[in-house]
Each structure stands twice: as C-alpha cells, then as structure tokens.
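Following this message is one structure expressed as structure tokens.
Just so it is clear, A, B and C label the chains in written order, and each chain counts residues from 1 on its own.
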Amino acid sequence: MWLPRPLTWALRCAVGLTLAFIYVPLLVVVLNAFNPDRVSTWPPSGFTLDWWREALTNQGALDATLVSVQVALCATALALALGTLASFALQRYAFFGRDAVSLLVILPIALPGIVTGLSLNAAFTAMLGLDLGFLTIVVAHATFCIVVVFNNVIARLRRLGETAEAASMDLGATRFTTFRLVTFPALRSALLAGGLLAFALSFDEIIVTTFTAGAGTETLPIWILNNLTRPNNAPVVNVVGTCLIVFSILPIYLSQKLSGTASGGRF
Amino acid sequence: MDRDQGLTDSVAQTLREAPVRTPFSRRVSAHLHRRPRLRLWALLTAPMFWLVVVYLASLAALLVTAFWSTDSFTSEIVRDWNLDNYRLIYESSVYRTIIVRTLAVALGVTAVCTVVAIPFAYYMAKVAGPREQKILVVAALMPLWVSYLIKGFSWRILVGENGVLDNTIGATPGFGTAAVVLTLSYLWLPYMVLPVYAGFERLPDSLLDASGDLGAKPSRTFWSVVLPAIFPSVVAGSIFTFSLSMGDYITVDIVGGSTQMLGNVVFDNQVYDLPFAAAMATVTVAIMVVYLRLVRRTGALENI
Amino acid sequence: MTLTRASAWRCAAVLTGIALVVTACETSADDEASGSDEAGDPAAAFEPPDLPMLEEIGAGEGELNILSWAGYAEDGTTDPNVDWVSPFEDETGCQVTNKVFNTSDEAVSLMQSGQYDVVSASGDASLRLIAGGDVEPVNTDLVPNYVDIWPFLKDRAWNTVNGVNYGIPHGWGANVLMYNTQEVDPAPASWSVVFEDAEQQDGRVTAYDSPIYIADAAMYLMETEPDLGIENPYALDDDQLAAAVDLLKQQSESVGEYWADYTKEISAFKTGSSTVGTTWQIIANLAKADGAPVDVVLPEEGATGWSDTWMVGAESEHKNCAYLWLDWIASPDVNAQVAEWFGEAPGNSKACDLTADPDHCATFHAGDEEYAEQIWYWTTPIEQCLDGRTDVTCTDYAAWTQAWTEIKG
C-alpha cells in the first residue's frame, strides 16, 4: 500500500517508540546487574562486578537453569508428539465432535494459568496422591504447550494440501515412507517454530509451575522468585536476567537459520 | 519455489526407496489405507487421552470442589454439596468489585496491546525491507526469553516514585491499577504482535494496492480493507492478552500498590479454603468460555 | 518460597500455641471427664496422643530427611559461604535431604505423610502436629545444647503441652515499626501512626500483606479500645473482628502499597514511596545498609512476632540422626549462622558471641526477655477462642482471609 511520506514517518516513529517500550525495561535490568545496591532503585549508585562474581559461583542458579532446560525439553518433546498427532487428525478428517476437540486443544492456554495450575495441583495431590516434582511439572507444561505445536503444524498442513502425499503414495510409497520423505520435510520448519515456542513458554512459566512443582524441584523462574524476595540474592537475579537476554539470541538465531522464513512462528 | 522443488525431490526419492521397504510396514500401511476411521483413532487417541484424562478431568474436579466447603480447623475439604461459595461471591460487593476490576484490566491490556501491535506489525510486514524485517521479528520475540519476573521487577523501578519515568519524563502512574495495565501490556505484547504480524503477512499487497488504485485514502483502506482482514488475528492475540491478564496475580503484587485482582483471591484462598478458591477460579473459567464463544465466529481460533 | 509468607506462618503458629496450652492446663486436672465436653472446648481438641520419646541416642542411621522453612537448612547451594548442612553430614554421617515448605499448612500435610524426620514448625503448625500425633515428645536430656537455650523460650505454649516438651526452640523475631527519619518527625512511639494518624502520611503507609496482619490491628485496639474486650489479638469474636476490619479499612485509604517480601519493602522505603509501616528487623538493617533513611521502634502497644521450634517426626526411621540434627542446629555456632542468615534472634544464648556481626544479638534483641514479652507470637486463629472464652465462637483463619480481601477492596 502506498503511504504518503508523513504517514510513513509517523509509522516509523511508532515503531521506534514500540522498540523503546520493549527495550527500556530490559536496559534497566542490565544496568542493575552492575548496580552495587542490594535492592535496585533508580538511578544506580555506582558500578560493580561483584554480583557477576557471585552469580558465577551460584550453584542454585545453575541447578535451576538445568532443571528448567530439562523440563522444557521433555515438555516440548511431548507437545511435539501430541500436537502433531492432533493437528493431523483435525486437518485431515471430518468427524463428530471435531469442533469440541479443537476447542479442547486450545483450552489449556486460553484459561488462565492459575486455573490450570490449581486444577492440576488438586488432581495430582488429592486425586492421584502423586508427589509433586519434576514429572508433574513436565505433565503440566506439556498440556499447555500442545496448542502452540498444534497451531503451527495445522497451519502448515492447511497450506500444504495433500497432493504431494497422494502422489507419493500413488507412486507406491507406504504411508510411513511418505511421512518420512514427503510430509515431515515439509513440516520441519513448522515443527521447529512450534517446538521453540513451546520451549520458550515452558522455560519461563511461573504460575502453573508454582502449583505443580512441589517444594523440592526448583526451575529457573521459581529460583528467581525465591531470590528476588531476598536482598542477599536479589542483585544476582539481575545478572541472571542479563545472561538470559544475551543467551536468548541463540534460540532465535537458530529458528531464523533453520526455518528460513522471517516469521518466528505462529501461536 | 523452493518448497515445491523440495517436494518434487522427496517424491522422487520416495520412488527410489519405495520398493525396498519391509513388507510389514507395507502391510500396516495398506491396512490403514483402507480404514480412515482407524487412522483417525490412531492419531487422536494419545492427544485426547492426555487432554481429557489429565486436563479436563482435573478441571472438572476443580469445578466440583467449588460446591464443597472447608472444615475450619483442619482445612480439610468437607463434601457437603452447597452453593455457599457462589452465594458469597454473588452477595459480597468486594468480590464483584474485584471481578469487574479484573475484567477492566484484562480489556485495558488487550486494548493497549492492540494499539501498539498493529502499527508495529504492519511496518514489519509491509514497509520494512527483508533485512529490517528479520531484525524486527527478532526484536519483538526476544523479550519472550527473558524472565517474566525480572521484567516485572524492572517495571517496578520504571513506574515507582523517583523511578526511571519520574526522573526522565517527570510523570509516572505510580503503583496501582494503571501500572498493572502498563506492565501486563508489556509482558504480553509479543503474544499480540506475532499473530497480527502473521495476519499482515497473509494479506496480499495487491489488495492494498487495489484499494489505493480505486481512490481510497490510506485511512479508508485501513478501516475498510486492512482492519477487517486482520481482525481475526487481533482476536487471536487477544485470547492470550485477555486470558493471561485475567489469571495474573504476581504482577499485581509487584506494581499494583494496594490493588488486588481475581488471581490474588484464588491464590490467597487456595491453602485454607480450596473450595472457595475453586469457586473464584470457576468465575474466570466462565468468563473465558463466554469470551471464546464470542470470538469463535470471527474465525480467530484458526489464527491462534 | 517467599520468606515473608514463611515467617508469617511461623508466627501464626506460635500464638495458637500459647492460648491452647493455657486452656489445656486449666482443664487438665479433670481431663478424664472432659470427654463429654462440647466441641467448643479447645482443651478437648488438644489432648495430645500419648507417644514415647527417645531414651538414648544410638549410632546415626546415615540418613536424615529435613522439612524446613527456606533458609533454615542451607547446604551451600544458595550461597557457597552459607553452609551448615555439609559439616553436619561430615561429622555425623547422616546424609541430609532437605525439603522446603512455604506455608504451615504445607508443613502439616507433608508431616502427615510420615516421610520426614525433623521439621522447623511455627506455632500454628506445631500444635496441629502435636494434636495429630505427627510429632513426638522430645527428650531434651539427649540434646546437650538445650541447656543454653534462653529460658524464656522454653516450656512455652507453642513447644510444650501439659509440661511435656515437643521440640527445641530455634529463633524468634518481632514485627516492628519502621519509619523514614526525614519524613516522619518526631519519631513515632505508637502504632497510631499507621492507624488513627495514617492520614499524615497519606499514600505512603505500608502494611504486611497477609490476613495475619489483622492481629496487629487487634493488638492496637486492645490498648485503645478496651471496651471491645480483646484479650488476645488472635482470639476475635465477630464484633471484635469487625472493629479490627474497620480500623484496617480506614488505614487502607492511606496505604500506598502492601508488602509481602523483603525486596519490595526495601525498595519502597529507599525511593520514599513508603514512609511508615510494619517491618522486620532484618529488612530495616538491609534498608539502612542500602542507604535508606530509616529507623525502627518497638511501639508502646507491643508487637506481633514469630518463634520457631524444631520437632521430631513420630514415624521417623532416623531418630538418632534427628536428635543429632536437633543438637547441631541448636549449637551456638550453627544457631548463630542461621540467625544471621535468616535475620532473627537466635535461640541459643551462647550464639551471640559467635555471630559474624558482633552486634547481631543486640540488633535483634536476643536474650532481651522484656522485649520478647511484649510480642504476641503469630498463631492461627481458630473457632475455639484462644483466650479461653467458651461463651462465644471466634473467627477462624478462613474468615480472616476473607476479611483481608475485603479490607484491600
């Protein structure tokens, strides 16, 4: 669409403001990682690298990061499997209750985390008598991650159509070979986008995790929550935040590189 | 196009490999081929088992709990069926106030996210060059990887008295409902930007050009062509911004001053009075279900 | 977990203890006949099961499962310099597994599972654990360091029932009044500065964000409105609770924000968005260290506070290790470390000579019996009035939770 020059500039201004809106709070985090105050306020009262030294030797933060990565990997793997199956069923078949099923897939993310968390907590502890821990977190995370994989895959399937698969099978390939050599390669970037998003959702989830983690398992967000409230450790949290900002480039770069499309993924 | 080329290649490769597949998989494949119902079952069983048994069953159990009550000394649940919890929510003005406030915050957050996301996503999809576009997508996604809590506390420093806003632009909403709306908008913005951006990407340039060629001014094109086309995407994003705001209780604690929302009531009651917390949670479920029903017609659910 | 919540609960537990024991003692003379008591009699609810205590300590079992508040059993993972679990393991051979709980309720339900050997219980938890037979009497003769515990912490309602000890006192603290020395002049001597006179700091008053804070208002009313007849801030009938709620609603109009964790309150006092309100000594110390112009006072009406006890699980399979831990955590050196890390007064009188900060005990008023007696230790309110009244039903914690929501609006 052709836009008059002033309008283009107005648009540019809006984009600039949005970027400032997005990045100023992150800049505050980075600055406070070097702030000698135990409880950060504005402006920082000086410059120190002490918190970085403390952060590097902080076993709790490292352990929690490891737990978060493991949880996110397990939850993502489950979500990839279940989400892909569901998207094939809903895209390729018409059946009674199809709408209800599609709503059911969306529900865990459309209902607030506190509802999901509270009901899973009650089910795990009161109904099943499970000890809350790593397993229960993975189950809870996988539940709300299914939908992001589902949506990415079903959108791709919709665009893909079935002609290539039909051709493959007409030419004598089995259903499995066709999936391996035709369908899967075409889905790969959608799976990657969905998987990354699922990983990100799980990695930073706090509310559902609070309800399903029990007291013994500490994911990174829980570690952050516990330590933000304790001035002895609060500044170290800003260091961890800065590290997250830096390391976030990694998965995003990966997704850009591998998916080949500009879009980082769909919800 | 690349993908078509890739598909052709893979079909060709299939041809080369097909004859050496094991007979067993061929038999299963042939068996499945004749039975679409069986294929459907094979696909649906695992995800449905998960969603129904793990998720729906626990949700149902929670909703049932709301009709029970709590023994005051042991905090144990007493299974006497009653509507006391709902009556309390209905009759007590404070809970009504909190529900309305929470709805207002969720709508406010959705509005702010929409207003911020549309120009940004439009620029990304339609104005920016390929390189700039890539950078902007990364820029919009990056905050998703930084902890929610760390961002929340950063906003505490931004909006607090003598904070960043106070020091630079000389004005701040201070701790309270406005700060909650602002902070939540910040936190959920990527969830709005992404679907809207995808919506703009799907909108063909030619449509906008046609509108312009037919004499429509940019504003007319925006209201009559762009907005209707991306509306489902906006609604899809709003499901996230709305639902995530409805259930939040942590941001309110950080920047809300003395404000409390639905999530706080649920959280505060979950240990000592689970049935009441469940009743309060049911209210949010009801609101979200109504919301989902309303937006279903727009086709937004396909755009999530 | 959040320390704030933890401490709140801890405190709540203790207070329940006091009142219950008082009533229990009154009725214990004819407790055989008390079976016919109506449900309203707290003594009936608190006749503890008859459980044996350990007679002698044998060799350690090589294993110990601890259930504790955050910060009470540090093994170096939070901060490599903060570790009193590893030396315990080296010395006793008891390998420690620590589970942290967030609320007294969680502690009680976890203890009921029978998987834990020792627990750091608050007053509300401790009595429920005793009443439920989840913890057993502790033979203090087997804990050599018990003799050095401050006498005023021993044989109290939250650790002793009918003269039987159920645990080793750990440490305690008070919820004191913090104020900005530049904005609040003259220095306040009464809680009135956050209640009746709250308007003078309109929008800058802060309060602890928990239903248990209602007790602070009740304690204030005890002094200022004697006609209400409040004897114990944790035993409020409907009228008394309504009076406290009214006072807090009036206060809430001047409240800038409620605080529930260290960081939040310190930043609010540093920037000046809060100038007066309830706090813990540790928070005041940290705020001062960060350059905030603040000071604390124990107002004339007294204060609420917390006191914790280490107890032994009745079903524990590692009782020798459990007693070894009880003695370890009560030893002067370790008790000093815990008290400093957590920010409270140590229970062991000899700990005061061993703190890294030589003024720690003075700052936290350890051993200051007079100071300690002004504290109403947190207790969970229950229907049976904790002040011994039997003619009315008191408001329980669920009612307080709802009242708190109403106060915040």
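Note that in this section contacts are C-beta pairs under 8 Å (C-beta built on N, C-alpha and C of every residue); 3 or more make two chains touch, one makes a residue touch a chain.
Keep in mind it's a predicted model, so treat the numbers as computed, not measured.
Undergrad: Going by the contact definition up top, give me the pair of chains with the most C-beta pairs touching.
TA: Highest contact count among chain pairs: A-B.
Undergrad: Among the chains, which has its CA centre at the largest distance from chain B's?
TA: Of all chains, C has its centre farthest from that of chain B.
Undergrad: Any idea how many Å lie between the Cα centroids of chain B and chain C?
TA: 41
Undergrad: Using mean CA coordinates as chain centres, what's the chain A-chain B distance in Å?
TA: 12
Undergrad: Among the residues of chain B, which ones contact at least 2 other chains?
TA: Those would be 153, 157, 160, 162-163.
Undergrad: Could you list which residues of chain C touch at least two other chains?
TA: 106, 263-264, 267, 271
Undergrad: Using the touch rule from the top of the page, what residues of chain A touch 2 or more other chains?
TA: 40-42, 225, 228
Undergrad: Show which residues of chain C lie in contact with chain A when the two form their complex.
TA: Within the complex, chain C contacts chain A at residues 1-4, 70-71, 76-80, 99-102, 106, 110, 261-264, 266-267, 270-271, 286-287, 289-291, 341.
Undergrad: Touching residues of chain C toward chain B in the complex: what are they?
TA: These residues of chain C touch chain B: 45, 103, 105-106, 128, 209, 211, 252, 255-258, 260, 263-264, 267-268, 271-273, 382-383, 396-399, 401-402, 404-406, 408-409.
Undergrad: Considering only the defined contacts, which chain B positions touch chain A in the complex?
TA: Listed in rising order, the residues are 2-3, 6-7, 10-11, 13-15, 17-19, 21, 25-26, 28-30, 32-33, 36, 39-40, 43-44, 46-48, 50-52, 54-59, 61-62, 65, 116, 119-120, 122-123, 126-127, 130, 133-134, 136-151, 153-155, 157-158, 160, 162-164, 167, 186, 189, 191, 194-195, 197-198, 201, 205, 208-209, 211-212, 218, 221, 226, 236-237, 239-240, 243-244, 246-250, 263, 266-267, 270, 274, 277-278, 281, 284-285, 288, 292, 301, 304.
Undergrad: Given the complex with chain B, which residues does chain A contribute to the contact?
TA: 1-4, 7-8, 11-12, 14-15, 18-19, 21-26, 28-29, 32, 40-43, 81-83, 85-86, 88-89, 92-93, 95, 101-116, 118-120, 122-124, 126-127, 139, 142-143, 146-147, 151, 164, 167-169, 171-178, 181-182, 185-186, 200, 203-204, 206-207, 220-221, 224-225, 228, 237-238, 240-241, 244-245, 247-249, 251-253, 256, 260, 262-267
Undergrad: Which chain B residues qualify as touching chain C in the complex?
TA: 70, 72-75, 88, 92, 94-95, 97-98, 153, 156-157, 160-163, 174-175, 253-254, 256-258, 260, 264-265, 268-269, 271-273, 276
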